[in-house]
Structures are given as C-alpha cells and as structure tokens.
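This is the structure, below, for whatever I ask next.
For clarity, chains are labelled A, B, C and D in written order, and residue numbers in each chain start from 1.
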Amino acid sequence: MDVLYFAWLRERIGLPKERIDSRAATVSDLVEELRGREERYAAAFADLSAVRVAVDRELADFDAPLEGVREVAFFPPMTGG
Amino acid sequence: MDVLYFAWLRERIGLPKERIDSRAATVSDLVEELRGREERYAAAFADLSAVRVAVDRELADFDAPLEGVREVAFFPPMTGG
Amino acid sequence: MRIVVQEAAFDFGAECDAFAADRADMGAVVTFAGVVRGDGGLDAMEIEHYPGMTEAALAAIAEEARTRWSLGDVLVIHRYGRLAPGERIMMVATAAPHRADAFTAAEYLMDYLKSRAPFWKKEHRADGTAWVAARDADEDALSRW
Amino acid sequence: MRIVVQEAAFDFGAECDAFAADRADMGAVVTFAGVVRGDGGLDAMEIEHYPGMTEAALAAIAEEARTRWSLGDVLVIHRYGRLAPGERIMMVATAAPHRADAFTAAEYLMDYLKSRAPFWKKEHRADGTAWVAARDADEDALSRW
C-alpha cells in the first residue's frame, strides 16, 4: 500500500510517499503502527484532530477499513480556493 | 413642470414627455388632473398599483409634494438586469 | 467605482480582466453577466431607460452596497436599445478582501438593479411585442436586505 | 463542465468571455476569481495539491452542484505552485437560466472547494514560512448546504 503525506505532515515526516506493507485493518490501526515507528511519525500524528485522511483518493474516516486499499493519504485540513 | 412617461405608459398616453402647468399639490393630485383630461390618460392611470413615480429623478410615493418640483416621471415597475 | 449606461455592446471578458487586475489587497472578485435568453422564439429584447435618472439610481445602489459591505471596488454596466438573444445585457463586478462580501454585494446589486433602476424590457416576437412584467419574486427578493 | 488543475497562470478575462459566449439559453453567468492577497508583507503563496485526487474531488463537487441547481455549465480552474501577491489562484464560473441558481451554485462551489478539495497553502514571508490554518468559518460554511 502507498502512504502519502501532504503539507506539514509531509514536512514533519520528511517524505511525500512511502510503500508500507501493513496488516492494519483500519486507518486508525495504520496510524498506531506509524506512531510506533519513529518519533517523527509520533510527532506528526500527535493530534489527530488536525489530520485528515483519504483512502484511495476519497476523503474517509479513521475507522475506514484498509482491506484491498492501494493508497492512503494523510494531510491537514484543506485550504483551497 | 416636465412630466415623463416610460414603457407602456408612454405608449398608452402616446408621448414620452410634456410640459404641464399644474397647481397639483401632490403626485396623486397630478394623476387626478391627468385622468380628467382625456381617455388615454384615464386608461394609463386606471390601475395605480401598476404605476411607479419618480420626482426629480428619485423614486417617490404618490403622496409626494410637488412644490418646487421640475420633473415627474410615471412608469411601470422596473425590469432591469 | 464605475457606472456605465450605454447602447453599445461591452466586452465582458476585457471588463472582467481589467476589474480583477492589480488586486493584491482584494482576495475575491465576483462578476455577474445577464444574457438575453432566446426562450420561446424571442427575436429581440428592447430595453428602455430613463436618461438622467438611470446612472444616478445605479450609483446610489452601488454606494449603498459599499456602505453595507467591505468592498474594494464596484462596476456596473447596463445596456439599453435592441438586443438579440445571446447578447449580454449587463454586468456587475465586486472586489472584496473576502469572498462572502463580494458574493453578497453582487447579489444585492442585482436584486436592486432589477427592481429599483429605471429600465424596462420589451420582448419582440414574430407574433408581436410585449412589455416584460415585473415578477413578484424580484420584488420579494428585496425584503431579504 | 470543465475542471482544470494547472501550475501555469490562466487568462481570467478570456475564460470569462468564452464561458459567457453563446448562452442564449442561459440568462445568468456568475464568475469568481480568487486572488493572492499581499497582506502583511507576503512574498509568495505556495499551493500544494494531491495529484490524482484533486481533479476528481473538484469534479465531484461540480457534479453535486449540477444535481442541486439548474445549471447549464460549470467551470473550475485551480492553480498550484508558487504565486505572487495579486496573481489569480483560481476561478469558478456558473451559467444558469436564472440568477439565483448561478449565484448559489458558485458560492456552493467555493465553500466546498475551500474545505474539501486537496489543496494546502503555505505563506512565504521575509521572516519564514507558515502553512495557512483552516478557518473554522470555512468549515462552518459547509453546514448551510
């Protein structure tokens, strides 16, 4: 599964995209797994109220299932327009 | 005083503008005076709910006073835009 | 602020471009263009106005908008005379620091311009002509302001 | 319907002109342009987006607008990359038979585009950079739809 980071999440974690082989069942499980990896992930995901997620390029909730998913993206609230 | 007519009031009365020397105290008095003149005026002013008035180029009510006024205009509800 | 009442066509694209240029203090530009609809076999729309009052009425409406909202600029162009279906009758444009003001002011301008500026429309069709009746909805729209 | 996501500048006037052309069935055209404000000594606004998701998200927002209002056409253009104060970030345009639909749909597009399309803004100033925080007001604006 590809995991993408945008804006300050990308900067804090230090990369825009990585391939992760995970058995996480939901987005929340994936976040827990990432938090346990390294301090920079723990810092990026410290406050989930400031983080939004897209699953296969559609906005999703943290309890969204990951089975069969190819791409998960994490980013702050959007500021377009 | 110049009296102007627009849109179907102009067409019904048959002229866009005329000079009227009147001692009418208010717009309503002027309308009464015009109605008494000829059938075409009576027809044009038959239903005042369909007539709007401007006094010296500002929208006004029928009870607006005419003392010192130079121009009165009668027309149907506006349909700009 | 610019108010234009003219018989000639105006260049909507060029007006939009010029209006939106050099607006580093304005985050939002809204424009509206009114187009003659060719409904039901309309041949032409004839627009009569009240020279001498029209520009003053439009300026007063625009000034009122400027007192109600934080606006950087306002543009109103309105044509008169005989227009064919598809031709642009009029436009308004508003520039504001924030989009809510630009949108709301443009809608206000349109609502007032419809019912309080001295223009009258006459439809020309193959079977005759008819003055466009004011719609209750347009008058009612003013009550929201 | 046309959705464009690009780094290059777009020609706002030409887009407005083309969008409003040949609309004899549409009485109302509304356009909105977003401009980079030079507040507080801003040097540049950098816009990041999510290639692959952005156009789909914008298309979904535009499609939703078309189901809610009677619209003849919708245009959305949004830039990314580094923009200077005064540059136009994005525009939307709506065409509808009646003005209320054109205005309301344009405001809907802007509200959703602000908070539901994957763009992020970063301000560059002499003293450093900062990601623009999402405003509660923008999120709250969605509740009206």
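Brief remarks follow.
By definition in this document, a residue touches a chain if its C-beta (ideal position, glycine included) is under 8 Å from a C-beta of that chain, and two chains touch if they have at least 3 such contacts.
Given the structure is predicted, the values throughout are model-derived calculations rather than measurements.
Steps from chain A to chain C, taking the shortest chain of touch contacts, total 2. At the far end from chain C, in terms of centres built from Cα atoms, lies A. Chain C and chain D have centres, each the mean of its CA atoms, that are 23 Å apart.
Each chain gets a centre from the mean of its Cα atoms; for chain A and chain B, those two points are 72 Å apart.
Averaged C-alpha coordinates give centres for chain B and chain D that are 48 Å from one another. For chain C, residues touching at least two other chains, in rising order: 34, 99, 110. Under the contact definition stated at the top, the residues of chain A that touch 2 or more other chains are 81. Pairwise, the chains that make contact are A-D, B-C, C-D. Interface residues of chain C facing chain D in the complex, by the touch rule stated above, are 11-18, 20, 22-39, 85-86, 88, 97, 99, 102-103, 106-107, 110. Those residues of chain C that touch chain B in the shared complex are 34, 47-50, 52-53, 56-57, 78, 89-90, 110, 113-122, 131-134, 138-139.
Interface residues of chain A, counted against chain D in their complex, comprise 4, 6-8, 10, 54, 57-59, 73, 75-81.
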